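Here is the structure we will look at.
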Amino acid sequence: MEIKDLLDQVKKGSLSVEEAEGILRKRPFEEMGYAKLDGQRELRTGFAEVVFCQGKADEHLLSIYKRLYEMDGRVFGTRASKHQYEWIRECFPQVKYDEVSRILRIDAPGDEERKLEGCIAVCTAGTADIPVAEEAAQTIEYFGSKAVRIYDVGVSGIHRLLSRVDVIQEANCVVTIAGMEGALASVIGGLVNKPVIAVPTSVGYGANFGGLSALMTMINSCANGIAVVNIDNGYGAGYMATQINRLAVGGNTHE
Amino acid sequence: MEIKDLLDQVKKGSLSVEEAEGILRKRPFEEMGYAKLDGQRELRTGFAEVVFCQGKADEHLLSIYKRLYEMDGRVFGTRASKHQYEWIRECFPQVKYDEVSRILRIDAPGDEERKLEGCIAVCTAGTADIPVAEEAAQTIEYFGSKAVRIYDVGVSGIHRLLSRVDVIQEANCVVTIAGMEGALASVIGGLVNKPVIAVPTSVGYGANFGGLSALMTMINSCANGIAVVNIDNGYGAGYMATQINRLAVGGNTHE
Amino acid sequence: MEIKDLLDQVKKGSLSVEEAEGILRKRPFEEMGYAKLDGQRELRTGFAEVVFCQGKADEHLLSIYKRLYEMDGRVFGTRASKHQYEWIRECFPQVKYDEVSRILRIDAPGDEERKLEGCIAVCTAGTADIPVAEEAAQTIEYFGSKAVRIYDVGVSGIHRLLSRVDVIQEANCVVTIAGMEGALASVIGGLVNKPVIAVPTSVGYGANFGGLSALMTMINSCANGIAVVNIDNGYGAGYMATQINRLAVGGNTHE
Amino acid sequence: MEIKDLLDQVKKGSLSVEEAEGILRKRPFEEMGYAKLDGQRELRTGFAEVVFCQGKADEHLLSIYKRLYEMDGRVFGTRASKHQYEWIRECFPQVKYDEVSRILRIDAPGDEERKLEGCIAVCTAGTADIPVAEEAAQTIEYFGSKAVRIYDVGVSGIHRLLSRVDVIQEANCVVTIAGMEGALASVIGGLVNKPVIAVPTSVGYGANFGGLSALMTMINSCANGIAVVNIDNGYGAGYMATQINRLAVGGNTHE
Amino acid sequence: MEIKDLLDQVKKGSLSVEEAEGILRKRPFEEMGYAKLDGQRELRTGFAEVVFCQGKADEHLLSIYKRLYEMDGRVFGTRASKHQYEWIRECFPQVKYDEVSRILRIDAPGDEERKLEGCIAVCTAGTADIPVAEEAAQTIEYFGSKAVRIYDVGVSGIHRLLSRVDVIQEANCVVTIAGMEGALASVIGGLVNKPVIAVPTSVGYGANFGGLSALMTMINSCANGIAVVNIDNGYGAGYMATQINRLAVGGNTHE
Amino acid sequence: MEIKDLLDQVKKGSLSVEEAEGILRKRPFEEMGYAKLDGQRELRTGFAEVVFCQGKADEHLLSIYKRLYEMDGRVFGTRASKHQYEWIRECFPQVKYDEVSRILRIDAPGDEERKLEGCIAVCTAGTADIPVAEEAAQTIEYFGSKAVRIYDVGVSGIHRLLSRVDVIQEANCVVTIAGMEGALASVIGGLVNKPVIAVPTSVGYGANFGGLSALMTMINSCANGIAVVNIDNGYGAGYMATQINRLAVGGNTHE
Amino acid sequence: MEIKDLLDQVKKGSLSVEEAEGILRKRPFEEMGYAKLDGQRELRTGFAEVVFCQGKADEHLLSIYKRLYEMDGRVFGTRASKHQYEWIRECFPQVKYDEVSRILRIDAPGDEERKLEGCIAVCTAGTADIPVAEEAAQTIEYFGSKAVRIYDVGVSGIHRLLSRVDVIQEANCVVTIAGMEGALASVIGGLVNKPVIAVPTSVGYGANFGGLSALMTMINSCANGIAVVNIDNGYGAGYMATQINRLAVGGNTHE
Amino acid sequence: MEIKDLLDQVKKGSLSVEEAEGILRKRPFEEMGYAKLDGQRELRTGFAEVVFCQGKADEHLLSIYKRLYEMDGRVFGTRASKHQYEWIRECFPQVKYDEVSRILRIDAPGDEERKLEGCIAVCTAGTADIPVAEEAAQTIEYFGSKAVRIYDVGVSGIHRLLSRVDVIQEANCVVTIAGMEGALASVIGGLVNKPVIAVPTSVGYGANFGGLSALMTMINSCANGIAVVNIDNGYGAGYMATQINRLAVGGNTHE
């Protein structure tokens, strides 16, 4: 049973507060030997647990997908390999895999018709930053907010960015993704009056040192209203952007 | 004339749209030779221009304070030295200086009675982080939000933090300030479901490398909903926290 | 002949002190051309020589296993590849390989029934740290101490850790293993009054720089009673934890 | 009243368990505005709270010394400046200051006659490392263990070290302090079978990068049984060495 | 005698080629014990020798100024302190010192009326970059090119820059000076079709690491036509910009 | 239709200004979903858009080649793999691939007979730097300038360089390419009076750290007239050298 | 014809000085298009040209081997792959390849009977350092000096080293090779009174950062008479050791 | 009594072997509490003990000078401050201080007339490197070798160096000192066939990072026969150069 259903039943009276509490109490700290699944996470934070697939053993990954599916009726995994997709698909034929973002998800019925709320702009400096941007954008959508994609607007061709400023300014929060010199965050920070979450990417060559150059640029930004997440961490940026967007639209729960 | 007054007059009809536009047009890019003051900044972003005092020549600093005072009726400066305070005080006896935060401000009449809105928690790991925390907290208050101070709750004595969790969870946004190992952000990130802005500080000794250790810890945090600003950048964290709090309370302007 | 047997025979009188000395004198600095095996190591330190398998040529590895087996009746190797396991197995069918910890060992008869003494807690922040943790835990057990495993208790879900505090506090020493932000060591350091050995791991992505981020966090810890070993060095942590545990239980020899 | 006295009174019956609990309950988290003093620390960890003097404002430092003196009857501060010594002396004429270690302490009556237990060796590579070594040694003595000082035995004159090996081998734990190339820890690690705590120091010049070179050497040591604390952190090394020594001598409390 | 005069006399016939050669032959490698002055430098490169004053002993500096004045009739020194100015002024009352750029120069008669050729734009991101910019601009002017100053046009207020684009586009070369995130070079690189020389500056705080952050941003720029000189090296940028401008205006000599 | 042809037709009257404007207006920001092709780039900068092939998906690469071929009649790509060459060749049999420089190009008819103007010297320290040098040299030639190759003249055999000095001194600009210690740029900088663009390369081993050592050497050069581009960025150096050479020969357009 | 033979003929009168000069003049800067072979190198430095095989294309490598064989009658290459060995062997069946040192050599008749002069000690800390040590030792032997190998004497088992001190002290120069903490150089530096050349190696794991840790240790050594070459640069150490040994034995030429 | 005199007396028979042994036995490990003076150092290594003055307390420095003077009749100290000079002079009026090299020495009678043997070239890139060069040159002279100074021959004016090549080539060993890009070592390495000891210096600005840039350049040198000592370590370079020169001139003792 999903948490929302459980709460609905409480609201409708078909489940007593005590019964609901009992069900919930069984959920936290699901001990799986190699991992502890957090069954009350969505209740506590408004965000269901998400699986970081990279490096997980096949059997472990499957067990986690199974258990989360039982608990929530949906599963959302990031950094999945194509092999992991094929492996999970044997058990869950309905699983969907996006090669660009490397997201591996099982939707609950009706998830696709959900109305997304508010607006978050997701901008990239180049085309090579798109995989990270899609991880951010799809995370945002999974958690119920609307994402507007504005790609390939790097500062070395500033007119491309300026032609889209109005769209960016309408968002409640901007996720800005760039590698190499990472200057896009500063320029956008100066153009909007909403929080900007900057994501350095590891793409590039030479003295970019796996994303360190972009990270340093973004951390040192002279523009106001910018904060930075880890290199290539599209998921983290999407998560925080959703928190901010929910505050703006006046709700804080997964709808 | 302050922007708000100008707009009020337009609303009341005592100033035509054209006249108002004419006044505003004169404001942007006030060229001062050594600097360009941004007269439309508050109108555009909801935040008045703030002065970064550190390293400014005495004469330049005074000119900037004078010009901003003429435009806005108030001035807010960060990283001011005691000498700069005494220098500005000769011309503006009403200027106030806080030695801890190093903020040097001239308030407009009534500023102190202003009602602060929403709630932002400002937490520090140790007592040495308080100067940065005060820069954040007073910035938050200057821009019209309420700041709750929770100091000296570092993770090596986790019970100190846990005893204050309820207060932190009520805030719309949490500013977390820590030096050395900087682990506080991760722990708080796991305890709240609101955005956390992490500020590494340069205080400490040994292998902290001027704040780099805390910066790396915070950027690598496994908790969700954390983003990082520059080392010692209390102002930047306070600014972004205000943006988020304004979104939460449903307004976006300096009231 | 194993050292303990030799000493037992001396004690029982079946071997004179002079004979024993003669046997032992032949042991040190066993020159193998490409390496010098330390035959008196266990006598001198209470710890038998352990093989670092990684990068060793097949023939060299086998010779070393053969020689140590002759001298001690058991062999313990770390960082072994699956290929090395298969290679050694051809000669020693009884060899055991653990794919998680990559430990490749030949036990002496009765080793498995040995009573383990004292108690060392081995904690990890995430599931990805388990290989390093198992290297530590199995090293601890090999050298005769008891290891209690407490995995996946990272600080971004502090309640998972707090629910196990009582177990951790009972240990004579705590090995704490974490990658990325590495904050677990500081939190545990504040919760126990026994020595904490921190092991940074290289797992993760982005700005973790192969474990450097966790290393810096741990070295800068503000908690007392923490010291750090090399990135991914589970063996080294297990070794030192055993030294400490032996001091606590009042013995210092391999039993 | 000191904790030990309180417990003694409970044992003797002159104080009921309930009364003792009431007194203790008042102690934790002594809120001093700018800091939280940990009144139950000694009870919980066996180590009284120690003051890190560096960077503390005069007034704050004095308040902390006063409060800890009230609670414990003794105060121990590290990294104190000569100015801080003179400042505290005005209020506490009995305070003692050691210019080498920069330790500023108020002893309780009888502290100097206390019998020190066990044995910890404190070794330095050069004479420039002595300030850090004295911070470690005096911390060890303050917490009730015996420290044996072996200074200026750096590896570039290995005979100096070898002539003292027997003394070092008798200790339950060895604190090894070195700057520049920091090789002493590895050599000692190979000569003893007890835990070695390595402290890199920032003294030197050239490519030592404020102690980073020694830190890297020590972390990469190929000897077993070595763990590393922060650059110049003599206090931290002395603290952990005391924990280990207490385990070896069979007690764990401040006697 | 200045080189140009010498050559003019050769051209006019008042000095034979052999005589001129004799005079010139005496000039190279003027050995001053502590330094080798390069008397043929202007002849060989079109640029007279310039003095890097920083760190030079008073007596040495004066000797160098005297000798260069004898050879060329003018002297140009960078990174001079106020003390050095006062010291040189005692011997050369006509020396001029600019506190912002720290340039200490003796002009030849008529130098100030010289017509400057071509056009080089010198842009800064902030006001704190002006000292480096002035070092570049005055170097450019000293070597005979025209410098247009465009200061405080950092990318966090992109409209300030865009309002000056036309001026920048008219230059033959652009010197771009910025600290902290250093993003200005990329934006300008995308707006002009002339070479851009980027100068990172060390001004700022936090994770700028003395200019390293800006250096990395600029080196990693995705815009075309950008190359980078050392941190704070205004002189070097001005020198190379002059070389380029001379190529554009069709001459290559100091006029 | 190529831009030059279009302009020629305007000049000849066979196309009205309005018609030309209409055609051009359709060109900028060609939105391809995953990328924005810059159709007016050549018009604006005198350099046609160049494709950075590395990491591009097959389908995307082909679309970009097709679109640029339509627009300009030629395509120039850098960092192409052999696989990408074979892939593009299926559609464009006339495509040419150079394995050394990894340049993948489609020429317009007559491109090969074009007269190259001015002169740029391209020097390398060793033979391993030749791939980067060829990327630079062929870029220079593609954009219409003449490149003179002077390879394997590293400073550890200074006579090899000195024997070619006269050729280098005749160029309008020198591209200097070196890995490891990267000292070649300084030596050449002291031998010529034209701008030197230095390219660090990542070739080598040991403490070269992927080109960082050469980058630091070049940035710190004491010679005048040197600026540095990113590690291995032969294209960027060739681009800027072309800009400078065009200024010298008095033209600024692709002829 | 080899240089020595040529000179012998001059001495014997079978070749006039002029003829010899003519032959030699043809040799320098043998231009091979992609490389410049230095035919007078042995004459000038006493060391024949050596080939750095790594990364060279097959055809280029073969041409170089052929040309050097023609000139000198022998070829010596370092960092050769097994593939390169097989490739060269097709043309030169007498070529010899050593898999450990990766040296690929063609000897001249009689080379193996050559008497080696003087003595150089080559020491390693561990067995993993042997490939670098063999590169050094075989280079030493190729250039005509005697190499004594002392392997696996790392400082964590100092007795292994001390048992060989007498042999090391007899050498004219010591090459010391170590990875990880690299402390061996300091200990040996304190035991001998001859020059020590230290070679950091990249072998190891964790925070060794590809050899940087050992490099920093060695550069910061407090022992006298130590200098450091690049990471893994066994050839460079062998070369310099030979220079020193030749000075000691009173000759400086390849005999 | 000096060691040489003692040995001479033994040779002449005025002192028995037993008496000499008795005198010598008293000398090693002179324990001074804070330091261990090495009285047999000269006997063992051919080099008397040298004092590193920097950071030594006044009283300690004086005691060390007194004791070494008693033992050897002369004292040689490096990195002395002017204050230390004045302090030592009160007790030893004959002490000499050189402000450039910061060497503080007491000579034995006749030291100045000593004949210096062999030849070592000491080269600097710039004038700012002279203090380090003088530390090297005077160390060389103190230990009895001849030093030839060749200053200000940096590679950006290669003709200055080439004009002195013949002098450099005559030396048995070359000490090469350079800051910033440090390229001088590579160029000299290619010009001579004797060992080159490279010393990076910390002088400069910008991205030289306290000498790290020059250190990296020198370590990565492609020239043969170069090894590197620590940043600013003129003494260490002079020491090793003397070792090499002594080997070349056939002796190894302080004459």
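Chains here go by letter, A, B, C, D, E, F, G and H, matching the order in which they are written, and residues are numbered from 1 within each.
Keep this in mind: contacts are C-beta pairs under 8 Å (C-beta built on N, C-alpha and C of every residue); 3 or more make two chains touch, one makes a residue touch a chain.
Model, not experiment: these values are computed from the prediction.
Undergrad: So which chains are sitting against chain F and chain G at once?
TA: Of all the chains present, those in contact with both chain F and chain G are H.
Undergrad: What is the shortest path, in steps, from chain E to chain H when you may only step between chains that touch?
TA: When the steps are counted carefully, the minimum from chain E to chain H is 1.
Undergrad: If you match contact pairs by residue number, which of E-F, B-C or E-H shares over half of them with F-G?
TA: Equivalent chain pair to F-G in E-F, B-C or E-H: E-H.
Undergrad: Find the geometric centre of each of chain A and chain H from their Cα atoms only, then give the gap between the two centres in Å, rounded to an integer.
TA: 62
Undergrad: Please work out the Cα centroid separation of chain D and chain G, and write it as a whole number of Å.
TA: 50
Undergrad: Please work out the Cα centroid separation of chain B and chain F, and write it as a whole number of Å.
TA: 46
Undergrad: Where in chain A do residues touch two or more of the other chains?
TA: 157, 206-207, 209, 212, 215, 219-221, 224, 230-231 - these are the residues of chain A that touch more than one other chain.
Undergrad: Would you please name all pairs of chains that touch?
TA: A-B, A-C, A-E, A-F, B-C, B-D, B-E, C-D, C-G, D-G, D-H, E-F, E-H, F-G, F-H, G-H
Undergrad: Per the contact definition, I'd like the list of chain H residues that touch chain D in the complex.
TA: Within the complex, chain H touches chain D at residues 28-29, 34-36, 38, 54-56, 60, 202, 211-212, 215, 230-233.
Undergrad: If you look only at chain E, which of its residues touch chain A in the complex?
TA: Interface residues on the chain E side: 125-126, 154-158, 162, 180-183, 186-187, 189-191, 204, 206-209, 212-214, 216-224.
Undergrad: Please name which positions on chain F make contact with chain E in the complex.
TA: Chain F residues touching chain E: 44-47, 172-173, 193-195, 197-198, 215, 219-221, 224-231, 236-237, 239-240, 243-244, 247-248, 250, 252.
Undergrad: State the interface residues of chain G toward chain C in the complex, per the touch definition above.
TA: It is residues 127-128, 130, 151-153, 157, 159-160, 163, 203, 205-207, 209 of chain G that touch chain C.
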